[in-house]
Structure formats: C-alpha cells, structure tokens
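Presented sequentially are two complexes of chain A, the first with chain B as partner and the second with chain C.
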Partner chain A sequence: MNLKNDELTKSINTVGDVFVKDARIKARNVNVFYAEKKAIDEVTIDIGNKEVISFIGPSGCGKSTFLRCFNRMNDTIDICRVEGSITLDEENIYDKNVDVVPLRARIGMVFQKPNPFPKSIFDNVAYGPRIHGLADNKSHLENIVEMSLKRAGLWNEVNDRLISPGTGLSGGQQQRLCIARAIAVSPEVILMDEPCSALDPIATAKIEELIHELGNDYSIVIVTHSMQQAARVSKRTAYFHLGKLIEVGKTKDIFTRPQHNQTEAYISGKIG
Partner chain B sequence: MSKKFLNPADATAIVKKSIKKRRAKDSRLKLYGRFAVGLASCFLIFLFYTIFEKGTPGFFQYYVTLDVNFDKERIDPKGDLSDNSLFSGDASKIVNEALFILIEPKGRKEKKEAKKIISSGKDVRIAKMVKQNPNLFGTVTKVKFALDDDIDSFLRGYIKRETPENERRVNDNVIKFIDKLNAEGRISYNFSDYILSGSASGNPEMAGIKGAFVGSILTLFVCLLIAFPLGVATAIYLEEIAKKNKITEFIEVNINNLAAVPSVVFGIMGLAIFIGIFGMPRSIPLVGGMVLALMTLPTIIISSRAAIRAVPPSVRDAALGIGASKLQTIFHHVIPLAMPGMLTGTIIGMAQALGETAPLLMIGMVAFIVDVPNSVVDPGTVLPVQIFMWADFAERMFVQKTSAAIIVLLTFLISMNAFAIYLRKKLERRW
Partner chain C sequence: MFNLYLLFVIILISLLFYFFGVNNAKKLKLQNNKLHSLKHYYGFFALLYSLLPSLGVYFILTIGDDILFSNMIKIYIPTDIINSKDFNFTIALAQINNSVDGLIFGTPPAWVINAANIWKSWVIKSHIITSILCIVTSLISGYLGYSKINHNFRSRNAVEKIVISLLAISSIIAILTTVGIIFSVAFESIRFFALIPIDEFLFGTVWNPQFEGAERAGSGQEGLSQYGSLPLFAGTFLISFIALCVSVPIGLYSAVYLSEYASKKERAFFKPLLEILAGVPTVVYGFFAALTVAPFLRNSGSLIGLDIASESAMAAGLVMGVMIIPFISSLSDDVINAVPQSLRDAGYGLGSTKSETILQIVIPAALPGVVASIILAVSRAIGETMIVVMAAGLAANLTGNPLEAVTTVTAQIITILVGDQEFESAKTLSAFALALTLIIITLGLNFFALHVVKKYREQYE
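Our next item is the complex of A and B:
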C-alpha cells in the first residue's frame, strides 16, 4: 500500500472497541477547538478501571489536546473550547458546577518535560497533600512523602537528601519525582503526556516498569511516540489521526493486525 | 531536482574564504564594544572624581576655639535649663567676650565687625552643651564655634587679600582679626557639625541636609508603600487573571505610555488632585510620595510583568495539574519566582523617585523649611530639591555644600541599590 495523506483522512468512524465494561471515564462526541481550528473531532472512547491505555498517532494529531481534556488543563488556554461530554464515574466533568481543583486532585498529570517545583524534593511531593489538606500532622505528611517516593522508585536514591532541590536531580529522577508528586494526592487516574521523551533508555525502562506497577492500582492514560513503549506498558491502544480517533483495540491486536488502513500505515512507518 | 547540492569540498572552500571576513567583523564589533565601555567608564570616573573632589570640602568647615566662661547666672538666669531661660540668657555676649579677649577690637565699629566672625548659631550651641552636661557651669571650657561663611571662604582662598577692600566681602579689620586668631592657633579645619545634622538655613555655614534627608526617606517610604503593592497587584492581575481582550489591551498600552510621560506632568496632576481636590496641605512628604508613586507605578508594573512572564509555564502547569487553585499557583509559585525581578523593577523605580525634582517643585516641596519633618504630614523637602535650591544661592559656601549634598544623595542611591542586590541574591538563592 502506498497511500497519500488526503486519501487517508477520508474515513471517519472509529474502528474497534471504544467501549469497555467497567469504564471510569467516558468521553462522548468530544470536539476541541483552538479558536476556530478544530483539533479534536467527534472522539468517543471509554477508559476502564485500572487500565493502562496508550494514545498513539503522528505529531500534531491531537493526543495531548485530548489528554488534557480529562483534567481540564485545557481551561488554562484562553482560546481553547471543549464540546461534548466527558464523565468520571458518571459525573460530567465539564458540568458548570464542577470545581477543577478537586477534579485535578482525582486525575493527576505527568508532563512531557519533567517539571519539578524549584523547591526541595520533600516540598515537591508534599505540596499536593498540603494544599488539599490530606495529612493530619507532620509525621503523616512525612509518611505520605516516603510512600509516594517509594512507589515512584525514587526513595532509595534520594532519602538522604530530601531537603536538596528537586531541580538538582537527573532528568529521569526528576520525572519520577513528578510521578511521586502526582501519586502523593492519591489520584484515581493518572495522565501521562510522553513522560519518557526527554529520558535515556535506562531511565525510560525504570519509568515503564513503574507505569506497569502503578497500573495495578490506577487507570493510566499515556501518550507516547514509541510503539514499543505502548506495547510494553499498555493493554489497550488508541490511534489518533488529524484529530480523529481512528482505531482502538487491544494493544497486541493494533500492532499485529490493525483493521484500519491508516493504523496499518502508521505502525508500518508510512506516516507520522 | 532543479539545483544540485554543492560538493562538500567546494562548500568547505567557500566557508574557509568567508571565515577571514567574519573574524574581522567579529573583532571589529568587539573593539567597538570595548571602546564604548571604556568611554562610559571614563565618563563615570570623571563624574565621580569631580563630584568627590568638589564635594568633600563641603563636609568640612573652619572653626575657632574660644575659652568660654560658663557662668550659670548669665547663661541660665532662671536656673531650670528650659529653652525659655537659656535663650533669655547672655550666651551670645559671653561668647563675644571670649572672642574679644583674643582679638582685642577697639571701638564700637571694630567690635561690631568682630562679632560677625562667629556664626550666629553660637548661643544655640552653648544652650545645647549645658543641657547635655550641666557640670559645665562654673568652668572655663574650650569650645569650637563655626566661623561665618565669608570668613570660611576667605580661609579657603576664595576671597583674596589682594582684592581691593571695597570689592571684598571681608574687610581689612576682619582680616587682621583672623590673622591674630591664626597666629594663636585658634582656627581649625574640622568635619562640619552642621552638614549632616543641620537643616535648611539662610546662614550657609549652618546649613545641612538632615531635613532634606529625612524628607527623602519619608517620601520614598510613602512612595514604596503605595507603588510596590499596587504595581505588583496590577502586574499579577494583568498577566495572570485578566482575560486578554480589548479593555486589558487598552490598559496595557496606556501603562506603557505612562512610563514615558515627563515627571513634571505627574506633579501637575498631584497638585490638581491631591492638593486641589482633596485639599491636602502643600509641601508634605505624604503628597510627594503619592505623586512619586504615580510616577514609578508604570516602571514597577512593566518590570513585574516581565518577571511574571519569565516564570516558566511548566511550573504553572505543575501546580495546576496537581489541583492548586489559580490563586495558590500565583502565591505559592509565580510570585516567589518573580519576586527578584519585581524587586529590581521596584528599586529602579525608587531610584528614579529619589532623584526626582520637578514633580515635587509642583507640589511645593521647594519651600524653605527649617524643621526636620517628624512625620509624613509635616512640611519637608527632599535631597534633590535641596540641591536644586542650594545650587541657586549666591554664597560661595553653598557651592561646596551642594556638592556635599550630591555625594550624600549618591551614597543613598548606591546603598539602596546594594540593598536591592543583596535582597535579590538572597531570594534567588532559594533556587
């Protein structure tokens, strides 16, 4: 097959199983606009309980945009407008009376570039519990910080320098610190936008292992450019193209026998 | 393919050929830069040299030492050390007598001339001394008195002996007296008591900058108290909270324009609003500070906004992503990171305000005020205005005092900047 791009964009409907049985998040007919430009086009998908799902697709297809809909980070962009509905446990998160503060405590986010606060390692992890009032006292807070760092696989490397700046860690350590910071507020869902793109293979392997483990307790949505990574960490994979959700399915099905010709073209390296 | 790529060898040759030209350009640019920096440094050194050279003598003046007989009956007739009693006493006369013993003037005319040698602040000095130390009563103590400014100028050589007597401000008799005092070793050149602790005065030898200095501090204090919170709050609102629309755009443009408005316009505005409409008194540091606050606001707002914009968006994302509210994000992360930049802007604004004369002239801070202001609602003046006034006076001594006041102003400015740098370093060290 040798398809040109304009031919590829013609089909609209999503192929595969967009719905799952025990869905936590349900996105229905979501459209996202940047000013007049449509970045996400009629996307419908479920995200299951304790499921790790990857979003893949060529650059600029709207993966980040769609991911940021789940914790309403798009609200911070003035020109961005979201249509359709996204529910978390049957509650529409775009409802007028929904407060984004508790929502973002329930749906944590890890960004592409590690972004620790310019504060100490301890304060980085403690910040979330502090602002949400999750710790009863100092020792409880210390306990939360320790648990989070342990879960993020960082404890052994930093336990002797919790008061040193988080920005002084290596890139991979910083990213794990950000993951520790996200899980310190006990979220239900974790969104990760290309969490390993700035890291070397060893740090990447550590984070992937971590995602794998966290998948036992959290629903995780991960955006990635690496199909190997998607294959390693996720059970389900969604393929986006030019703002549309083209195909969703079991990861191994997507990579071994994609049903849609665009998916096939992408994973065989013809687009993207 | 329409155009072929160069082959690598040709490309290398071309690059090599152009390298010499580029190097020459580089070094030329470096040279220009060095020249500019050198020139600027020269000017600066020249400026500082002249100011210090001219100003340092302003901190000193000539004194005469007299043996004063502290007669309690005559100095403090009521015996209670009150101002009333001390000033009804005979202090001036006692000092004159001490002087006359040394120079022996003959006749009324000579006595009258002799009295003028010593600055008119002599009785105040005696009163101060006995108040501080009543044990002086009954003793004969050596006391230094400032000489009159004309005598001072004569001793400095600005008034020359060779000038014919009728064109000279110091006549032959007085010169004779001074020579006598000099011969007895009574005249000395000392650090001035008045320059730092005195206030505005018609007598140049007694004039000092304390009043203006305190006035400057009070004015700047008011200015800072108003401009800093207001400026930072405006910057935060415009950068972080306000929606970008026509109105905020309009406000932005106007703030930027305000920064370029001549300062005297703010003075006129202050005169019209604070004094005209609100009926506040003239010449007070409170009004001066408010006017200067208006003037420095744009500077603070603009630099604070730049500082806020320089805070990496990733920090904001991190805070928002973990569920911090907008205000928490601003107060926990944006402001602490932007603070050094905000402070820099504020200090620049304050430094501008410290050196400002024109708007303060408009609101009457140019008045001749002898008392040191005790609060922001007492009439006062400020250092640059004091300098402006002194520069206008004819007496030779004011020239030195003007330069001395400029040194004080510069020192004030430099210490303010040093404090700002220290503060910034301290805040920045929190990585």
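Our next item is the complex of A and C:
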C-alpha cells in the first residue's frame, strides 16, 4: 500500500481490506448519479491481478451499476454521471483522452441474460476479433474462435455446427458462447453481471467451473445474487448496501465472521 | 326508417334477455351457491342466443324480398310489351323501382304505375311479415338460450365459442372479398383474351388502344389498335425503381437516425412530422410533381443542354419516392426500436462503436421487418396512380430513360375506364387484363417477401 491509499483509507467507511498489492483496477471515491439520484456513494476498492472477486448485496444496492463503471457501459445511459477516478493499470479510464473502444476490448463483459448476436456461432465469437482487427488472416481468425470456444468449454458441443445460429443453443450454451465471445478479444479483466441468474442449476455449475478456470488467467469481477455462488467461485467478496460498499474481505471471512452488522444481517438472511 | 325501428326492437329484446340471464344466474347462485361462470356470461349467452338468429332472419328477409318481388312482378307486365323487340327486363324493373321510389320522369306508362302500386303493397306486407318473424325468432331463440341456463351450464365456454365463430366469419368475409375481386377481374380478362391473343398482350411492345379493337378480330384490319402491355409494365417498374432509389435510403437513414441517434425530444418531434407525409393525399403530390418538380427538372436540364420532357418518369418517380418515405421510415423505426437493448449492450461491451453496433448487429437483427417495410413500399409504388397520371404522362414509350414521358399500368386503367365506354370492346376489357396482371405481380412480390422474411426469421430467432 502506498501513501496515497493510506490517506484515502481515512476518508472511507468500508470495513476490511479494500486495497490489494497487485491491483489492476483501482476505484477511488466513485460516485454514480442517475439524474439527481445518487446510486453509488464514495466507493473505493482495488481489483487484483488474476483474482476472482464477487459483488454481493440486496437488489438495488448498486453492485451492477458499479460494475458497469469499469468498462464505461454507463456511458450509454444519458442521465448517468460518474464521479471519482477508476484506473486500469494506473491509467484513468474516465480521462477525456481515453477511447472506450480499446478500453472495452481490455475489459470484457458478460451480461445477465445470454445475449448472443443473431449470427452464426462462428460469427458471434469472431465479431470482437474482426472489429478490433486482431486476426491477420482467415486461419488465424479460425484459430482464435476455436481457442475461445475451447476455453469456454463449448467447443466439443458445437464444433460440428459452427455455422448454425448462436440463438439456437440452449440457455447455458448461449451464456458460454457469450463468455467465448468476450475472451476472443483477449481481455485482461472480465466483468460478469449475474451471469447465471437466467440459467438452470446444471448450466450454472458449468459456468461456475468455467469461472474458476478462467480465474487463473483473468481478473474476474462477478456480480451475483447467490451467496453460495460467491462462496464457490471467488477468493474475495465485497458487500454493497444502498450504494455504499459496506465490507470487503476474503470470501471465507465474509461468510464466516463478518465484521459489520449489516453484512452479518445479509449473510444470515435478515435483509435482502 | 322501418329497418331502424325493427333493429332497435330486436336489440331491445336481446338486452331484456341479457337481464333475464343475469337475474337467473343471481337466483341460481343464491340457491346453489355454486355457479360455473361469472354472472354476466349467462346474460351474454341469452343475449347472443336471442340476437344472432333474429339478425340472420332479418338479413335474409330484407335481401330476399327484393329478389322475390322482381320475379313476382313479371306477371304484371303486359305480354305485348314483353314480346316487343327492344324489351329489356332490367330496364322495366328499373322503371318500376323508380316509380316506387317516387322518381318519375315524364308520364310513365299505365302498366308501370300499376306494377308500382302492387309492388308498394307487397313492401308493406313484407315489412309486417319481417317484423313478426324477426321478433318471434328473437323471442323463441332467446327463450331457448335462457332455458339452457342452470347451475351446471358452462356459459363462459359457450359464449367464447360463439365469439370465436363470429371472428372466423369476419376473416372469411375478408378472404372471400379478395377472392371475389380476383375472380371478377379474371372473368373480364378471359373475355379480353378471347379478342386479343395472350402472347401479344404479354410480349407486345406497342400499346395503342385508341382505335376500336373489337373490329380487328373479324375485319382483317390488323394493326389499328395494339395491346402490347410491355411498355406499361416497363413504365411502372421504371417509376417504382426511381421511387425506391429515393425512398429506401432516405427512409432507412431517417429510421436509423430516429431510433438510434435522436434524443427523445427530437424523436417525438420528427416522427409525427415524417408521418404527415403519409397523410398528404396523392393527388396533392400529383400536382406538386406536375407543377413544381417537372418544370424544375426541365429547366435545369436545359441549362446543361439536356432535353427533358415536361412530363417525365423522373418527376413522377422522385415525388412518389417522397410519398413512400414514411412507409419505410416509420415501420423500420419501429422494428429497429424493437431490437432488444441487450444486443446493443453486447456490441458496446465488446468495444464496437455506435455505428458498428448499428450496422453489424441492430440492422441485421431488424432485417425481416425492414424488408417487409420495403416490400410494402414497393406495393404502394406499383399501385400508385394519381402522381403518375398527373406527372408522368400517358405516352406508352418502351424506354429505360427516366427523362422521357412514360405511362404506367394504373394510369392506363384509369384513362381506359374514365368516360363513356362500350363495355364489350377490347379497349375497355384490356383494363381488366392489366389489372389482373398487376394483381398477379404484386401477389408474387408479397409472396417472395414473406418467403425472405421467413427465411431470415428462422435463421435469427
């Protein structure tokens, strides 16, 4: 921890270790407003290198809103305004000179509802590499697609029907296709916004296993409604309540001995 | 007035049965405390049971009595008149009917007045019989329906069945009308093709129906009038093509702007404005084309040494294109708006720019609807008449040059059928052959469009 972090620590109310040694993303005093309404209130947190961190909290606590700050998806909402600073490898992503196009290629996103494009499975995965010009030629592109599908654990199920539409897959397969699509552009961080909430338990188990594996290579931030899921997939957990980051800590600690009484109330099912 | 009173009485009776039904249901509920359906369904059941049969009787009687009377009146026409050489029953019937309605020109013959009086007495009798039959029917059938009501009776299901059959009848009427139109056009066309060979009509390159065509069949005066429809269809497609060149890009671009780039305020302002274009009567577009656009084209053409006809395919096509912009923009805008936000988010999340997202994700997803809107515009363009009549001229030139005067199928149909025409002539009948061909072409286009849309649907959803 450097001096700057120490200074800030005094002004934040979060319980636990918001800072990590090898941080990729550093969010400092982030406020988000929808028109006049404050949705995120002075949130400060680090996202470490190759760490899987869960954001948990009751509905409407702002965890998805905060997640969408990391790849500036909130830019697409007119009335949304972000204050404070978020840096990716020490570069402020809200700087005027930052272009969101390469930023979003570095920070991939998987959404709540599987949203494959109305294109073939191949074109779905090839979409990102194509718009960012990542492939030198056709065989290179095919290689990227194959690798991405393999990493998403989907290759064996779809390798004989790459030209059939992605929307024809089952819900769980669609979500893994979306993950393959996200990792095809070789991001450094993957944001997942409740990726399993629309899936059945078996598909969920597959995705969780996948998140576990991907955690070896990527920083993953996962927003989830399910405390069990947070406990299963993540090393660190952050608890949000009413736009405030209440507590951050090792997942084990959060679930076994939470320090803040609100966290405890949520963990034990009293609020939520 | 009689008809209105009778209908009023029938409806009143069925309303009474509604209240009887509801009341009965209330009573049943008090006795039994269990009722299959809600109370008002019992009322509706009794109402429909009373209303529908009596309406049926009413329509059969009111339509049937005229037919019956015109057959019965024959015996009151004197035999010497029937036997005279220029007797025409339709005309005699019209004379009698006019007399009945009080439309008397000069002094009608005595037999007409006589027949008219008899007819009038029949009408009074028929009114009495119709009223009695209708009221009795509504009472009897209403009572039948009412007596069916007991606590086990599933009136909700019964009412739904009746309503479903009413819906089915409505759709059948729409379909039968279409079939009727096609058949009426087809029969006249067959008469036309008896006079003019079908291959000459379809592949002939000269359209010149001005000379009476009927005589050429027997008299050997060939070549006087010619019925080659190729120039007309060429003109139709030329003008439609120009119109689409204007409306498809403008319509699509404005749809994309409205749905993706415009703020809510701008959209609320521009979209209704665009749709006003669809509300302008085509005849107004017609004189705009003829009085403003065509002279402008000719003047600007002469500046650069181009000889543009004062009535040209270009003028008509340009204005027609403006006319059909709202068909494309409004429908496409709705379709593009219906593309789920999650697809756009997926695009942005991967780092596409707004235009990449629109071009590669939103438009392909909206394609079936966009294609449908374009096909609708094509049908409008092909069927459009007024603009062409006023701005494109009536000269049946077989040309691909948009700067010359051309004519279209619809414009020719109008000029052929307007005014006094002998119905048996090939010239008049040719209008029906043209109409039939046009119907077949637009049907084919619609069929093709549906096929395209279906194909993309299967692939994308």
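For the reader, a short list of remarks on this structure follows.
Criterion: the second predicted complex is superposed on the first by the 260 of 272 C-alpha atoms of A that agree within 3 Å, B and C clash if a C-alpha of one lies under 4 Å from a C-alpha of the other, contacts with A are read in each partner's own complex, and residues count from 1 in each chain.
In this section, contacts are C-beta pairs under 8 Å (C-beta built on N, C-alpha and C of every residue); 3 or more make two chains touch, one makes a residue touch a chain.
Bear in mind that the values here come from a model prediction, so they are computed numbers and not experimental data.
In the three-chain model built by superposing on chain A, chain B clashes with chain C. By the touch criterion stated above, A:C80 is placed in contact with neither chain B nor chain C. Residue contacts after overlaying the shared chain place A:M147 against neither chain B nor chain C. Once the two complexes are laid over each other on the shared chain, residue contacts for A:F117 go to chain B and to chain C alike.
Common to the chain B and chain C contact sets on chain A are residues 71, 73, 76, 78, 100-105, 108-109, 111, 113, 115-118, 127-128, 131-132, 165, 167, 178, 181-182, 185. Touching chain C in their complex are the following residues of chain A: 71, 73, 76, 78, 100-105, 108-109, 111, 113, 115-119, 127-128, 131-132, 165, 167, 178, 181-182, 185. Taken together, the chain A residues at the contact with chain B in this complex read 71, 73, 76, 78, 100-105, 108-109, 111, 113, 115-118, 127-128, 131-132, 165, 167-168, 178, 181-182, 185. Here chain C touches chain A in the complex through residues 263, 340, 342-353, 356, 360-361, 364-365, 459-461, going by the rule given at the top. Interface residues of chain B facing chain A in the complex, by the touch rule stated above, are 243-244, 312, 314-325, 328, 332-333, 337, 430-431.
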